[in-house]
Amino acid sequence: MRITAELIQPESLRGELRDDRAGAYVGFEGWIRDHNEGQEVLRLEYEVYEPVAVVEGDKIIAEAMSRYPLLHAECVHRSGLLEIGECAVWVGVTSAHRDEAFAACRYIIDQVKIRLPIWKKEHYVAGHSGWVNCERCATHGREHPQAIRS
Amino acid sequence: MRITAELIQPESLRGELRDDRAGAYVGFEGWIRDHNEGQEVLRLEYEVYEPVAVVEGDKIIAEAMSRYPLLHAECVHRSGLLEIGECAVWVGVTSAHRDEAFAACRYIIDQVKIRLPIWKKEHYVAGHSGWVNCERCATHGREHPQAIRS
Amino acid sequence: MTKNITVRYFAGFREHAGIDAEEVSCDVDTAGDVFRKLQHRHGSMEPLGHCKVAINDEMADWDTAVGDGDTVLLFPPVAGG
Amino acid sequence: MTKNITVRYFAGFREHAGIDAEEVSCDVDTAGDVFRKLQHRHGSMEPLGHCKVAINDEMADWDTAVGDGDTVLLFPPVAGG
């Protein structure tokens, strides 16, 4: 698991997963969209708490390797300010066959999104900005049933 | 759907799918493995009947676009002689969210593998060669229950 | 009825036949009939297994009718990807 | 028992608190106690919702014990990817 403030380079990351035993490569990329929940997005800011994000990300990758017969798996997440179209997160997986590459790639991105200490703040065309999810929890906790589990 | 005798360039193909509305990109690549069913593979030869492969491939992509809310989808398949590690097939899909990108990418590669008139001949380290699947059907048809459906 | 058709062989079928294509005159109704009539050429026992057929560059079924002058493409089991 | 702990706030919690971190002395047993004691700082009603906590850079549960000298990291709901 790597956190970077630089542009993510999927081509070179993919190259690191090369293996003569690999028959399948599945890559996932999360790109910055120009809209979210009806709002026009201008740019996005990722705050990452790197010490825990890297440890937890490595744990997720190790889980994927133990669940599926993979050859290699890696994940890179951006931090800082991103423009529309930029790659926020990349996951790459190689394996002998495609079943496990698809399943593991999906497992990693799903877990990364819910477990790593990463927050995104959207800056809207309309001028304001907001933490995605976070604002809702902090200010409207009671309105969100999923946030009131005991 | 494109058939090419040249090296597949995933990075530039991926670039063609760029879209400010896209939040997810899923790419699949089939690479030439150094082994198959216990045999060491030296290289691989793809025979493609292009007129039908392109029409059928475009049909598969159109099916994926109608089943899932995608932005773009494309598939490129190699023909001719390929070395170990080379990319035989690339599928790229972009969409607003990741669910449909994963599902559609999987749909396209699964269908491409079973519907396009493409055949592969493996050349083994041990010196001989064979059409994958095909040889079995032609010479051992009766031994393969799945080939004896009425 | 006897029809003049062109038959094209692919991959293992072509290697077994030793030729890419041939013109044949034969009494056939469907693509499946063509497959069976030419079994000695392509060498495969089972037309309806994993083999496929196209007529005039369009994917067809084994019970699709074959007309005089048609080109029938015999595809052994495919293995893309 | 009163413990001296360091509390770090992230993202929306940090903006609500107006500070990155602070040292507090308080009578707490668990990470959940810390969250509740400092509710006026981070502004979130629900410790056990989508919020998370780490102690000394290790992910923890809300009922994990907090010791004297520990650093407690309060994470609002995450949103990677």
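Each chain carries a letter (A, B, C and D) given by its place in the written order, and its residues are counted from 1.
Basically, contacts are C-beta pairs under 8 Å (C-beta built on N, C-alpha and C of every residue); 3 or more make two chains touch, one makes a residue touch a chain.
These numbers were taken from a predicted model, which means no experiment stands behind them.
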Length of the shortest touching-chain route, subunit B through to subunit C: 1
Touch-connected components when subunit B is not counted: A, D | C
Interchain centroid distance [CA atoms averaged], subunit C/subunit D, Å: 72
Centre-of-Cα separation between subunit B and subunit A, whole angstrom: 27
Between subunit A and subunit D, centroid-to-centroid distance (C-alpha), Å: 24
Intercentroid distance (Cα basis), subunit C paired with subunit A, Å: 50
Where subunit B touches two or more other chains, by residue: 30, 109
Residues of subunit C engaged with two or more neighbouring chains: none
Pairs of chains found to touch, sorted by chain label: A-B, A-D, B-C
Complex contacts: residues of subunit B adjacent to subunit C: 30, 46-47, 49, 51-52, 55-56, 77, 88-89, 109, 112-121, 131-139, 141-142, 144, 146-150
Residue ranges of subunit C touching subunit B (in the complex, touch as defined): 10-13, 15-16, 42-46, 48-52, 54, 57-59, 73, 75-81
Parts of subunit B lying in touch with subunit A, wherever the complex brings them together: 10-11, 14, 18, 20-35, 84-85, 94, 96, 98, 101-102, 105-106, 109
